[in-house]
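Presented below is the structure to which this report refers.
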Amino acid sequence: MKVMIEKDFETMSETAKTVLLGHMSQAKRVNLAITAGKTPIKVYEKMVATVKNSPNYDNVHYYNFDEIPLPNQTEGITISDLKKLYLTPANIDQKQIHPLTIDNYQEQDHKIEAVGGLDAMLIGLGEDGHFCGNMPQTTRFNETTYKVTVSGEEPWFVPEMMQKGMSFVTMGPVSIMRVKHLILIVNGKKKASMVKDVLTGPIIEEKPASFLQLHPNLTVILDQEAASELN
Amino acid sequence: MKVMIEKDFETMSETAKTVLLGHMSQAKRVNLAITAGKTPIKVYEKMVATVKNSPNYDNVHYYNFDEIPLPNQTEGITISDLKKLYLTPANIDQKQIHPLTIDNYQEQDHKIEAVGGLDAMLIGLGEDGHFCGNMPQTTRFNETTYKVTVSGEEPWFVPEMMQKGMSFVTMGPVSIMRVKHLILIVNGKKKASMVKDVLTGPIIEEKPASFLQLHPNLTVILDQEAASELN
Amino acid sequence: MKVMIEKDFETMSETAKTVLLGHMSQAKRVNLAITAGKTPIKVYEKMVATVKNSPNYDNVHYYNFDEIPLPNQTEGITISDLKKLYLTPANIDQKQIHPLTIDNYQEQDHKIEAVGGLDAMLIGLGEDGHFCGNMPQTTRFNETTYKVTVSGEEPWFVPEMMQKGMSFVTMGPVSIMRVKHLILIVNGKKKASMVKDVLTGPIIEEKPASFLQLHPNLTVILDQEAASELN
Amino acid sequence: MKVMIEKDFETMSETAKTVLLGHMSQAKRVNLAITAGKTPIKVYEKMVATVKNSPNYDNVHYYNFDEIPLPNQTEGITISDLKKLYLTPANIDQKQIHPLTIDNYQEQDHKIEAVGGLDAMLIGLGEDGHFCGNMPQTTRFNETTYKVTVSGEEPWFVPEMMQKGMSFVTMGPVSIMRVKHLILIVNGKKKASMVKDVLTGPIIEEKPASFLQLHPNLTVILDQEAASELN
């Protein structure tokens, strides 16, 4: 594991952009899974400036690693978010986008194997220790891509935002371990304690992201606040 | 994970030999960690027939992944065993042998990183679910190469063969995950139940080898007896 | 480059089989391009014995690297030969076979890139220094997969067997260089002089196989006769 | 091959910096060979700003790929230049610098193999079609690292700057082909014609850099002037 501690959100984002563009600049097909959410907003802003309308990155294929379907919508939360933040402003061709959905999740691992594997994956960290859709209480380390149906008893269940019985899908720990380079970005004081726990504590399913310590090529990019409880 | 079920000990050994020689036949330095014990005896017998005095395998470098020092001996149990079973009969040059010892274990991970990583590792499985020196009760998934000092309270403590306070060293789960290709060989009825548990059950430190399910390139070679509880 | 000199055709074939099965035993998709012709006959005989009806090699996908169409036939010479020698007796599923044809050759490089590249390629050597369909006088080192139309002036033109104006396709030098592990097998006294030339002489388009010296992971397996002019 | 055409020297340098930092950000030993000369000046300026006194790049090891010894000097032209432009201002630890010299060139290929190979190499292009020390008339495609002794008859011999009988060393085409990712940077109108020749013309020893077309992972970064003769 390499831990890079950057001054602030801006430099964290700049460094993450550099790592992704480094992969994307290779002269072969590059398969990339990228995260939705707030943490990568500036990473994508910076990437759009470079990638938009450039012929240099036609070799890059994009995957999402989790998905939450929305009632009465054809697209789920994750892919909608990725399109809004990056894929649409960067003008990425449909042929380069490979959505994981609640319907095709059972093919996800095979689909990725069939293209030679993921070269890199950008992920974030939840305050509760989740990564991708691997949540406390519903994560088993021996899962590939799997579906979770929400019981309402989970510690992260928020009645205002979720419904009992709803489902989502996520690549599981076994799938994540096959990615050639994992890039974890985290910012902010609120996550500092969890950063410490998952990067230095025991590897337990209750804190799913602790599992990331096992990855043979993990680059962690933190701002100073997120790093503040590490020594 | 790929599980190959072979008729018997003989064919299990033949298949494992093929996998190792496949790696060794490449035209570049190949770093191999290999296991001592009874399971690989015929693998090595077969390899010696091919490798002995051959100029074809000068590019292969050998590592042991655990070691138990012996009182009043310069060499530990593992390396002695590897020499007896394979390295000496195959006439491997000293320059190609890189022993892990109780004294140099803190350099092991760096040493392996500095040669580009292990291309392959041949391991076995203990009836109690251990692999390498990762034993029930003393294994933490977040360890690199580490030292264990025996308290005498461990479930695998055998007073006739061990002493309280003795130490051994082993590459830990984090180190194992960095190996490019893991090859697990198991034979015999006695291990069938543990084979099932560690390959299909939960990933828990109490059964250290359950961890192997996470490896992105794990080939398991079983004889029919060892596979008899899998469906 | 690694040059393995084996006693005879039998041991050359045994060694080549081991190298291929080594690749095929990995726990991930393996893409393999294999050669037709006489040299690999015993390699395939041995592989069939292991692979036939085995569930262990479902992860292996097969490609041919050249093709000569036959008038009034749906299948070309190469794929027919590969089916006869290996694919049919080994009972390989159609889904694992990806034929290069005179019609789809322009997609070949992209198709291979899209599955993560070829893990290994087994090739032979012609007495005239050709490899794959890269023949003297029609080979340019900067070609990917390309089509050759025969003028009748080529040194290898045999009026009894070929027609002026006929075409064939082959992966070119640029395509070959992308293969992760190249395995060249050669047997027999008749090729000894060309073996010496292409492995130790200048790299020139007139002797296309001289180009193989540039490959970063080339394993050459010779019988003693083919090796007899090397020192 | 991927050809990236950037607006000017500034953006060419920015892109090259990104590609190199991308590699360097991985969580494992990274072996990098880098070029001296004028083309990379701004690349290094930008890298120094990021790398200087940062703990994030301790995993990066630096190699030079050619060297011209200077009379009465302990250090050659290349390593002196690299130190001046990058290694010293970036405050790189001696332990991370592995100089190729006129005295140790015969160990260069073995030394690089023993650390797992070069992950990336940054090179430039000469107006005469040379790359590294592979010059017109003295380059043979089948060389690994080799020594050239200057006869004075070479087309690039400049009496004011060179002496007959002087020697230099360079990694040869076989060595270059083993690098996992090649990055070629070129700027300026003066090189536009040679850029076209070596990237699109025949692969011939007279224009050594034409050979680069064969590399399976070559990223070319040009400014618009250098790209002006490409279509």
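Should a chain be cited, it is by its letter among A, B, C and D, assigned in written order, with residues numbered from 1 in that chain.
Quick note on the criterion: a residue touches a chain if its C-beta (ideal position, glycine included) is under 8 Å from a C-beta of that chain, and two chains touch if they have at least 3 such contacts.
Labels paired with UniProt names: A, B, C, D = Glucosamine-6-phosphate deaminase.
None of these values were measured; they are calculated from a predicted model.
Visitor: Contact counts by the stated rule: is the higher one at A-C or A-B?
Guide: Greater number of contacting C-beta pairs: A-B.
Visitor: Could you work out which chain's C-alpha centre is the most distant one from the centre of chain B?
Guide: Relative to chain B, the chain with the farthest C-alpha centre is D.
Visitor: Just how far, in Å, is the C-alpha centre of chain C from the one of chain B?
Guide: The separation of the two C-alpha centroids amounts to 36 Å.
Visitor: Measuring from the mean C-alpha position of chain A to the mean C-alpha position of chain B, what distance in angstrom results?
Guide: 33
Visitor: Can you check how far apart chain A and chain C are, centre to centre, with Cα atoms defining each centre and the answer in Å?
Guide: Distance between chain centres, rounded to whole Å: 41 Å.
Visitor: Find every residue in chain B that makes contact with two or more other chains and list them.
Guide: 28, 216
Visitor: State the interface residues of chain C toward chain B in the complex, per the touch definition above.
Guide: 1-2, 4, 15, 18-23, 25-28, 56, 59, 181, 216-219
Visitor: Where on chain B is chain A touching in the complex?
Guide: 140-142, 173-174, 177-178, 201-203, 210, 213-216
Visitor: Mind pulling up the chain A residues that touch chain C in the complex?
Guide: 28-29, 113-117
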